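So, here's a batch of structures to check.
Two complexes are shown next, each including chain A; its partner changes from chain B in the first to chain C in the second.
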Partner chain A sequence: MRGQLAPYVFLSPTLVLVTLFFFIPLIMVFILSFTSLDMTNFGILEWWRPVNWNLDNYVKIFTNRFFSRILGNTIMYVALTLALFNVGMALVIALITTHIKRRTGFAFRVLWFLPRITPVVVYTMMWRALAGPAPMGVLNKYFLGPLGIGGGEYLLNTHPWVFIFLVNGFIGASFGMILFSSAIEAIPKDYTTASKVDGATTWQTIRYVELPMIKWPLLFVTTYQTLSLLTSFEQIMLLTDGGPGLYQTEVWALTAYHRALTSYFGNTQWGYGAAWSVVLVIIGIVMAVIYLRVFKFGELVEEPKIDQL
Partner chain B sequence: MKITLEALNKHFGKVKAVDDLDLVVENGELVALLGPSGCGKTTTLLMIAGIYKPSSGRIRFDEQVVNRLLPKERNIGMVFQSYALYPHMSTFDNITYPLKLKKVRRGEMKERAQKAADMMGIGELLDRKPAQLSGGQQQRVALARALVKEPAILLFDEPLSNLDAKLRLRMRGEIKRLQEDLGVTAVYVTHDQVEAMTMASRIAVMNYGVLQTYGAPNQLYDHPDTLFVAGFIGAPPMNFLETRFEERDNGFYLRSQALEIRIPDERGVLAKQNDAPQQVIMGIRPEDITIVAEPEGDFRAEVYLIEPLGREDLVTFRFGDEEIRALAPAPFGGRIGERMFLKLAKEKLHLFNPETEVSSFKER
Partner chain C sequence: MKRLFLLMLIGCFVVAGGLLTLAQDTETITLTVRCRAKPPMEDWRGNNFILAAEELNADLEAAGDPRRVEVVINQDNIDWGDYVTEFVLSYGAGEEPDIWLTGHEYIGVQAEAGRIIPLDELMKEFPGLNNVIDSLWDSTMYKGEIWGVPQDAEARPLYFNKALLKELGWSANKIAALPGKIEWGEFTLYDMLAVAKEAVDKGVVADGNGFWTRPKNGPDFTAFYYAFGGDTIDAATGKLVFDEAAGLKYYQFFYDAAQAYGSMGCLGLGWGDAWHPGVSGSKVLFWIGGTWQWAEWAEAYLKDLGGEDYMWETFGFALIPAAEQGGQPNSLTHPLAFLISSQCEHPDLALALIDKVTDYGPNTRHAIASTHLGILKGQTEYKFYKVSRLLSEALYMLAYTTFLPNNPYWGSYSSLVYEALAATVGGDFTPHEAVDFVVDGLKRELGDNVIIR
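Right after this comes the complex of A and B.
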């Protein structure tokens, strides 16, 4: 009896936390998304009763005139940040720093990792200062100005997307970098030696031996970063708040936040915002399943065929 | 292809992994690099492969200096202790990897892979992943991969250490036969002296990065140049006793508290020419000691331990403070505690200078 109970005792802290802060909110958001709960009917609308549930919010989302722009922004934001930085650049840095002197590589990775321990607001504000208009902005004053590029405008107004990618990417790449480089360093030396003796160049060794062997970290980082980029909005909020043009840099998660929690004219639409979030969760789950399929999870759990020793 | 190592050095920081190594491997020869772990044998192998750059010295293949050649330019096949089969590739892809890198045509690739696989008896396993193969099968795949590009040199880095005893014995024979059939030059790194003795035409014994001796297995066994070689080669190992080397009454004697032995005159003269000191270390292999009746015996000793080996029994004797081990035909008649007479084969004795650890019987 005690033996059967033990696993649950050890699991309970995690179970409690996950239940309290993930499953219950998820169910509540799911229910909320079928209601019209907002600041004006708060306390009046009995949102927990099924009679008040309908699909109006979802209809509103898909008929929204900015729907395609928001969807397009989100896809571009996630895909490009992921490809160029969080996986792409992370992999490049990891490969470079593991193929040079060990110490140098390590020092470089530590440097690159530093922004991670900076609070995101501070970090983002530093980028805003970088992008500032002519006399104040570092980029304009010391780089673009002397080189005669641009008219010294506020760069977040002229090139908002560039900064959104850079701000997210530079910090995002460090996560993959750490995972990839430790995975690469964990590859037994014999494999790379064998590959070189077999006639491979360094690049061919990376391409045919090292990359396939870090497939799991690649899958994990890609999946994890897709999901976290899908739901991240704080850097964009702090940088452009979806602007400067109408919905120019508004992404899905930011829309959910704006609809649900930004109060304009006393109209905070919790139910509508919840619906945006629910759709996002579904997109996230679908993406995760697709990744598992693409990376052929099934192959890795194949039955052994050993019949003689 | 003939391999020549000239004054080869490899330093890692302050550590001298390989120290001033000179070695020639003749074309078609299988040479074993033998030594305890950390003796520099694998470092030497990796320098031949082109993975490590020598700190100084030269490596020649035939007459060409290859120090600066990349591994891919050296036409080498290598087999590892860990097999180092790429786990994400099938047997076929593993074997054809060197060919793929050489951009060999698909059809020819298939043909050569099948030939190499059949030669190793793994033709049926081409679609399997390494994880679905047994250790012995994996080693055969690794051999096929090393052979498929028809290398000029084969390098082995303890290829049999991960196999069980029976399989090791079988693969040992197969590798030797294969190497002889193909006539390919091979360097074989091992810490197992039996493996080195049985497979190699010559053995290079290394310790602390220094070449101790280089010669044919029997030469090393019968006439070891140094104390280290004498103790390292041979199982059960050679017995060593501290003795005094004396010349008197026109004869040469080895004397300790418990024994006195007259050694053959010509050996004594040789030792004298080699400036053998008064204090010497005498070595005698267990098979060169026989148990005899009193009149012929050199000294008396007490049976301390009996270890049956099947064909023979390994008997440990004690006399005075000393211990000596002898091989006796099984079944050994004695009991523990029994006192018996031992006779040493005088012509099989070895003498070593305790300072230099060099054999006093070394021909100059």
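Right after this comes the complex of A and C.
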């Protein structure tokens, strides 16, 4: 009896935390998404009673005139940040830093890691300052100005997406960089040595030996970062707040935040915002399932085909 | 020895008993005051309560009232939306401030939800409040009752850059005459756009910088809708109104401004890093701002160039021009008001404090420091109010002022109207599409709570 209980005792702190801070809020957000709870009826509307539940918020989302723009922005933001930085650049950095002197590679990775350990507000504000008008903005003053290529005074207004990709990418790449470089370093040296003996070039070694052997970290980073990017909005909020034009850089998660929690005249619509987040949760689950199917995640967790040593 | 000990013991009891009685005689009541204030210009909004509490305690003592007041002030410069959310959520948790300073347009929604109290009855015991200018009480009325005490007011003028007009070839006399021409309806909104376009064409300002509004949603836009004959509230029913014909002219104006007159390159800019540096840095010819921003520019942006002296030489201000020749110019005031929470246990003391700060001395301190207009009758004659040139010169605008409506659904209404405006300026909507978008949205979101005319 004692032995049977022990695992549950050890699991209980996690169970309590996950229940309190994930499942209960998830259920509440799900219920809220069917209500019209907002600033005008908070404390009046009995949102927990099924009689007050309906699908109006979902109808509003899918008939929104700017729905396609927000969806398009989200797809572009997730796909390009993922391809160019979170997986693409992370892989390039990992490959380069594992093919040069170990200590130099390590030092470079530490430097690249600095934005991740900088508080996100400080980090983003530094980018805002960089992109600001001359004489404050470093990019305008020292690079674009002397080169005579202009770029306008408010770079965040003229090229908002460039900055959104850069700001997210520099942080995002560090996550994959660490995982990929440790995976590459874990590949037994015999394989790479054997390929070199067989006359393989560096590119051939990478393409035919190293990349296939870090397939699982690649799958994990792609899946994890897709879901992470889908729900991330803090850098965009701090950089452009979805602007400068109407919904120009607004992504799905930022819309949910704006609808639920911000408004100049305080008409925050908690129910409507919750509906936007529920759709996002569903998109996230569908994406996760697709990834796991496509990348055959089942194989990763299969029993080894050889006897255990 | 034994007797001495006994005497000491009795002495201790007497002193302790005395202290206990004294403590029981007075009861200290903590009242919290929440203000949105931009430091340092607007600090008097909250700080006046420190002096008011001292005065009130003296009054209480003289009147034999055992209560004493201690105030806790919480003021900062967070966004309006967050500020309102904070009040609503803290009210739900029973931790809201007793006195809440906020824009008058929030009264409708808070009154409807029962989070604030009507003040008519309580105010009868504070005749000093009768000094508040009568028309300002209209802004704090909802369903026939008064729910807040006005704290300040302002004008939202059309600012113009004199130096840039000179570059454009305007004489000093012509520049000086501009506010008068606007007041008499001889210089219209489209005349302004024409000058803005000329400035862009001649390279005096960059494309997009001929005329600017604020960069995000806010009260100012409503003044333009009023200028084109729009109405926001139905006097008979108290319901919100959207006038399609006025709305069409309103969106046409902003569409033209952005697409044809080199203006409106302001939407989406950050306040601190682009908008204020733009207007105060002589990069914009015409712009809509508030009188309170005058103090902000002098203090935060132009101190090195000479502050107010530089500004009087470089900037001028006038009413928002009429839409048509001979029409009526306007301005919009957005009074802030002190509201009292319905969960406040001592509303009489809260109002007594508000009464103390609604006096010539405290209110003038705030008005001068923040360049807000006074709210009291005869305040312009008050010795210390008269020292501000801006407040004296902008005062005539109150005769042309308009208000936002007090209605619980104003937030949703305003968001939709602004969204269409941003789409029009960005070229996503034609003026007709903007009106259709607003009408559809209002009908869907507000149903019977809005009248479409």
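The rule is short, and it goes like this: the second predicted complex is superposed on the first by the 292 of 309 C-alpha atoms of A that agree within 3 Å, B and C clash if a C-alpha of one lies under 4 Å from a C-alpha of the other, contacts with A are read in each partner's own complex, and residues count from 1 in each chain.
As a working rule, a contact is a pair of C-beta atoms (placed from the backbone, for glycine too) under 8 Å apart; a residue touches a chain by one contact, two chains touch by 3 or more.
Note that the coordinates shown come from a computational prediction; the quantities given were computed from them, not determined experimentally.
In the superposition on chain A, contact of A:Leu45 is made with neither chain B nor chain C. By the touch criterion defined above, A:Val209 lies against chain B but remains apart from chain C after alignment on the C-alpha atoms of chain A.
Of the two partner chains placed by the overlay, neither chain B nor chain C lies in contact with A:Met76. In the superposed model, A:Ala134 lies in contact with neither chain B nor chain C. In the superposition on chain A, the chain among chain B and chain C reaching more residues of chain A is C. By the touch criterion defined above, A:Val120 lies against neither chain B nor chain C after alignment on the C-alpha atoms of chain A.
Contacts of A:Thr268 after superposition on the shared chain: chain C is touched, whereas chain B is not. Of the two partner chains, chain C is the only one touched by A:Gly243; chain B is not. Comparing which residues of chain A touch chain B with which touch chain C, the overlap is empty. Considering their complex, residues 46, 49-51, 70-72, 76-78, 80-82, 84, 86-89, 97-98, 101-102, 128-129, 131-137, 145, 149, 155, 164, 167 of chain B touch chain A. Only residues 188, 190-191, 193-201, 204, 208-209, 212-213, 215, 302, 304-306, 308-309 of chain A touch chain B when the two sit together in their complex.
The touching residues of chain C, counted against chain A in their complex, run 79-85, 88, 91-92, 105-106, 109, 112-115, 216-218, 267-270, 273-274, 277, 408-412, 414-415, 418-419, 422-423, 426, 428, 437, 444.
Looking at the complex, you find that chain A touches chain C at residues 39-44, 60, 65, 128, 132-133, 136, 154, 156-157, 240-241, 243-246, 248, 261-269.
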